[in-house]
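Consider the two complexes below, in which chain A is the common component and chain B and chain C are the respective partners.
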Partner chain A sequence: MKSQRRVVSTWQLISFMISSMIGVGILSMPRTASETLNEMGWMGPIVGGLIAMLPLLGMVYLSKEYPGLTFIEYSPLILCGEKHVKWGKILCIPWFFIFFSFQFLNAGMVARGFGEVVVTAVLLETPLEAILITLFLIVLFLCMHEVDVLVRVNELLFPIMLIPVFLIPYVSLTSADWNNLLPLHLDSFEALVETGINTFSLYTGYELLMIFFGLAMPGAKIGLATWIGLVFTVVSYALTAVAGIVVFGYEELQNMIWPTLELVKTATRTGWFPERLESAFLAIWVASVFTTLGNMFYSTVYGIRLLLGKSIRFQRILSFVLLIPLLYVTLLPQSIVEFFAYARYLTYYGYISTVLIPVLLAIIHWLRKKTFDETQDSKKGVT
Partner chain B sequence: MAKHWCRFAVLLVFVTMLTGCWDRRELEERTSVLAVAVDIVEGREDLYKMTVQIPIPIKIAGSSGQGGGGNSDAVKIMSVTGRTVTDAANNLQLRLNQKLFLGHTRVLAISEEVAKRGIQDIMDGYRREPQIRRLMWPIIVKGEAASLLKIKPQLAQIPVVFLMDLIENGSKMGTIPDQTLGDYFNQTSNKSMEPFLNYVQASESEVRWKGIAVFRGHKMVGAINDIQSWSLLQLRNEQRGGDVIIPLPGEQGGFVTFRPHFVKTKLKLNDSHVLGNQKKSNPQHSATFYCELQGDIVEVTKDLHIPPEEFIKKMQTLIKKEMENRAKKLFTQLQKDYNSDILRIGLALRAHHYRDYWEKHDWKKEFKDFPVEAVYTIKIRRLGMEMQ
Partner chain C sequence: MHGVRGPFFIGFSFPFLGTLSVHLYRKERIKGGRALSQFWKAWQRRKETLQSQSLNLHADKSMESVSDLILSEDVGENISLIREELGKCDDLVIRRFQNKDNKDCAIFFLDGMVDRNIISDFIIRYTTTTDVTYEGPATNELEATDSLRQVIRNILSGTAVLLVDGNSQAYLNNTRGWDRRSVEEPQTESVVRGPRDGFCETLCVNSALIRFRLKDPNLRVRHMVVGQRTQTDIYVMYIEGLAHQPIVEEVISRIEKINVDAVLESGYIEQLIQDRRWSPFPQIQNTERPDKVVANLLEGKVGILVDGTPFGLIAPAVFSQFYQSPEDYYERFYIATLIRFIRVISITIALLLPSLYIAFSSFHPEMIPSRLVIAMAAGRSTVPFPSLVEALFMELAIEILREASVRLPGPIGPTIGIVGALVVGEAAVSAGLVSPVMVIIVAVTTIGSFASPSYSAAIAIRMLRFPVMILAGMFGLYGIMLFLIVILVHLSSIKSFGVSYMSPLSPLNLLGMRDLFIRAPHHLMKTRPSMFHVHDKVRMREEDKP
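So, the complex of A and B:
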């Protein structure tokens, strides 16, 4: 039974990871990154990536130790060993709750962020709900299917998503002033750490791999996929930040709500056949946001299904039931300012489930293994 | 069977959603504004007068075979007042049958009087409005801004198109800076530089580029003429500027015209301890533009009767001297008269001398007395179709 579900290839892991991470955050990222770091803002995403490295190390380690198992299955094993799985499951309930609630809330914020962009920039008269419900209906449709469909969708949309990620820095080169990027100096280390901690929210989404590593094909290169995915994401974020800073200067970035979108709007130079690139950009961006939102929501539903050991029918019903509160979560922030504040709180909440617990689990497992090995050794010594 | 029905229902929902025509508005259902002019209402200091130019599609020749006769009919010009620019736009909407659409606006004309009072309040609305392009051109108009929209150029049916072509071709030729709204926003936000905009004058039927309006913050402080603007273009943007016409020394009524083709500018920032004049503890910073102009002689009105080799040398020194004088005049104007760093020296200083200069000085105050000079290198390549 368990070998049947191991369907995800290395390439699918990469595309899944990248499209889970790159979402709506990139649209406001040049501003948030350069808020305190000024012209050194591009360091923010790099530090954020370094923070993400730690839990990823733990996750890769754990899934090598428990091949073919998702975190839902191996967390109890780590905590209480194979003899007391039931106790382990009970102990893990708060951890699962934190994980799933974060995914759920984060999915809501991603959807809201995208809705806000569309409503403020392109479809001014459209109510936010109309955009959200459309998006949710497609996600619901996705949730009607098994995991292999989800990863295939990610694989399919991944190349489309690549276009803007590299096009933005490229087209903005024409209006760049490289002096905006200088001087290279760090005035305060705290500012760097603070920005890193805040921009870390751009990377949330990788923690879903705790489920999908367990679904990887036997022989899939988990480590390789992880590091390629992370490096790619860090590079594309850093490039976007650099593009924003060289085109606008960090002072102007602070005045813009979606700097990356403005970048696309200004980048339309003569000689480019599309005059209004931002509509095309947003159209492509729907795919990117859809994968982020879809992956998060799907993983929540799928994780609960695994936890309870139910079938696809349960997943279908649950996804429909959960979408209704999701809409409420999405509409919770009353204004755009409140939205950014909520998103920031959520980042701090996310640290528990995306950094703290994976690392803790890895350490616990490592300690247990060590003590276990030692007892084995001492036993050997006795005999 | 139930499954089929379910699928059908889902499909139906998607089809209705995916049309995406929530706020659909056909092209003919909007009033596209090509240009906006902002003036002060005479006698009412608290009001803005907004003038817009709206093209009439059916009157534009070739659009529907009817052809347009007089080109003055191709556009409609409407004026309206309001306490803010948006208020004026709303008042204008009350007089229009279709929805006002600013997505195609290419020119924002602002009268000198308004610019001198400061245009931050005008720009705020345009910053927030998503329809407004950052590639739009704000232009400062001498006298009444609305006069720029009322010109009848005859060479183009729509006056704004004429104006756009004027700027676009000018910036292609390197004689007019391509200064967009986005540039203006960036420059006002940036703490190390000041913004500038194109400065034009409009008469009954024509428009003329007059140079550059220099700003300090959001307020216009003055203008520099076309000759100084070309020096600025060479030093700041590496654009070639216009032809240089110099009276020949010693020859009554003789002129030589030099046409630059390629410009290469390097801004060098020095601290004086490199030069060795002062103590290291108190380094005096200075900026030098090294500008290399390559170009041709296109006109010499008097024969000088000297061998070609000597002629080239003589002309190069003559042009060099003239260009450096022009640059010096530009610096004096910017520093002493306007105290506005539109040359981007501050940006370079911040980038390269952050610790030893930028942190210790207030650039907004220091720029006035900052030593700046320009050193030109003139390379005459050709003499046109003549031998001398």
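So, the complex of A and C:
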């Protein structure tokens, strides 16, 4: 059973990681990054990526220690060892709750963010609820399938997602003013750290790998996949931030809700076949948002299924049941301002589940292993 | 692990009783939790019993109903036995004669299914003429049996059965020879360069067409009979030592599990053994071309030939069947690659062009270049419908035309096409019912859907065009994307006999990409595609290189 579920290849891990991370955050990122850092705003995503490295190191370390196990199976082992797995499970309940609730809320925020963009930019007459419900319906359809389908969908949608990520900087270069990037001078180190912490929410999604590392094929290069995925994401974020600053300048960026979308709008030429690109961009962006949202929601449902040791039927029913509160959560912010406020709170909440706990688990495991090794050594010394 | 501990509140006075009650209580709870699954199991059992009952019913009516008797030594008795089983069959011929030893003989066959010359020249003459020293009938395939059931089955499949008095063994002479269509050029998959022969309706001819192309002693042919009433012969072909044995076993076991009373075409088998029965996508490839079957056998797939149809099946199938044709391998690789890309583009057009038109014209007119949008608006100014209705109406009209021209007899078919496409289209435009752009779009869409080399793959695309049009009418480009994602999720979930439908794209296999969109030159494809788990990986050995 356990060997059967280990189906995820290295390439699938990379595409899964990148498409979970790149979601709706990139649309507003140039603004949030240059808020306090001004023209050096492109440093923000890089610092955010550096922060994400720490938990990723812990996660990779843990998955190498427990190959073929997801965090749901190994966290009780870390806390209480193999003898008291039941106690470990009980101790882990708060941690699981934090993790799943964060995924759940984050999925809601992603959906809401995308819905707002679509409603304000392209489908002006369509109610927000229609966008959200259709999006949720296809997520529900995804949740009807086994986990190998999820990773394969990510793999297939990944190239589609690449188009806009690398298209944005290119199309905007025609109206770029490179002087906007100057001076290359960091005003305060504190502002850099603060921006890094705030833009860190762009990287949420990598923590799903705590489940998917456990499903990786024997022999899949987990570490390599992680670092390629992270570097790729950092580069694409930094490029987008640079493009935003170069085209608009940081002052103008502060007045835009979705600067990345505005970037696409600047690429308008009379006589091109698609004369304006933003509708096409958003249509392709559905793929990216779908993978982020789908991965988060699927992982929540799948994680609960693993925790309770149930079958696919349980997952199907649960995903349907959970979509209703998800819709409620999604519609909770009454305006776009409230939405950004909620998103910021969620970032702080996310720190607990995405940074603190993986690092803590890794440290606990390391300490336990060390003491265990010492006792082993002393025993050997006795005999 | 489930140690039963006595609950402490009952105390030590009745520890035994306490344990028991807890035990019972636990059992009850487990029962409650599993009631649903138990109900499900009961339901499954009931379904199985119903199925087996209906199967028994079938069996009673068909071949198994023939009583499994042993023939007697008396010819007259045997004749009445066979007559009894076959009832009042007026096409059953019973020819009685006396052989060299003056024994009574009777020969049974069904009129029209046998070659009468063989019967008179090589059976009756050989057994009656005293000059001939050869004992028995002289047909090229001769068997003997004493089972009544076997005799009946052979009579029904065109064998002449010879009974001799004093011998309980019946001779089964293969005299099958009904009128059959000769090998002709395939109708649905014509190529410019490549062999012109296609399968016909006779199983042995079809398997010979494969055999003479593939003189591999490892080519295995498994004969099976499916269909309670039709008793259709099926050949499962594969190359031993190349095909992955579990796939072969899976194909055979799925065919064995089929319990249906009639198999009239390979489509029955295809639909009954495919993995996902509700999917719009064909998960088993069908073809009329023996060269295609051979090429696929050489990739480690399994071929299935069904008697009575010119369409053979190939399993497992992957998505690339939508746009790959055997011709790709016969022409130079540049042109083959180019043509593959053209096919991919035309399939995309067939699926998406009408819905893109709807999305652009009703949701995103800003994306169309200004001059074009003015021209389109001028064309649409007289059209009284929204673009969705206009597109649905036109697509429906073209589907009607298509269906009508298929049904019409040969010479009239093209006429209908010309009348429908040119005259009606032109009239509709000048009457202001549809815009000229719409006519172009419908025409291009239809032409695009014909470019797919596989008909059954093309009809999946043809069908899916309608829901995507409706979604485009509801949500514009966003709706199209939603639909594409749903299709993609579905495609990634399909597996055909354990092979992912989207392979080698997902799971990604870079070596498999040599023969996906581009067709690499033959000298670069030294190994077979690995996704079908072939056992002999090498196609071209180094020393064989010219």
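The working rule: the second predicted complex is superposed on the first by the 378 of 383 C-alpha atoms of A that agree within 3 Å, B and C clash if a C-alpha of one lies under 4 Å from a C-alpha of the other, contacts with A are read in each partner's own complex, and residues count from 1 in each chain.
The rule is simple: a contact is a pair of C-beta atoms (placed from the backbone, for glycine too) under 8 Å apart; a residue touches a chain by one contact, two chains touch by 3 or more.
Quantities reported herein were computed from a predicted structural model and do not represent experimental measurements.
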item: Partner chain(s) touched by A:353 [first = chain B, second = chain C, both, neither]; value: neither
item: First (chain B), second (chain C), both or neither touched by A:177; value: first
item: Which superposed partner A:120 touches (first chain B, second chain C, both, neither); value: first
item: Which superposed partner A:141 touches (first chain B, second chain C, both, neither); value: both
item: Partner chain(s) touched by A:248 [first = chain B, second = chain C, both, neither]; value: first
item: Touching partner for A:280 - first (chain B), second (chain C), both, neither; value: second
item: Which superposed partner A:262 touches (first chain B, second chain C, both, neither); value: first
item: Touching partner for A:12 - first (chain B), second (chain C), both, neither; value: second
item: Partner chain(s) touched by A:185 [first = chain B, second = chain C, both, neither]; value: first
item: Shared chain A contacts, counted only where both chain B and chain C touch the same residue; value: 122-123, 126, 130, 134, 141
item: Complex contacts: residues of chain C adjacent to chain A; value: 363-364, 366-370, 475-482, 485-486, 488-489, 491-493, 500, 502, 505-508
item: Partner chain B, residues of chain A touching it in the complex; value: 120-127, 130, 133-134, 137, 141, 177, 179-183, 185, 247-249, 251-252, 254-255, 262, 265-266, 268
item: Residue ranges of chain B touching chain A (in the complex, touch as defined); value: 10, 13-14, 17-18, 20, 22-23, 127, 130, 133-135, 182, 185-186, 189-191, 344, 347-348, 350-352, 354-355
item: In the complex with chain C, residue positions of chain A that touch it; value: 9, 11-12, 118, 122-123, 126, 130-131, 134-135, 138, 141-142, 145-146, 149, 152-153, 155-157, 270-277, 279-280, 282-284, 286-287, 290
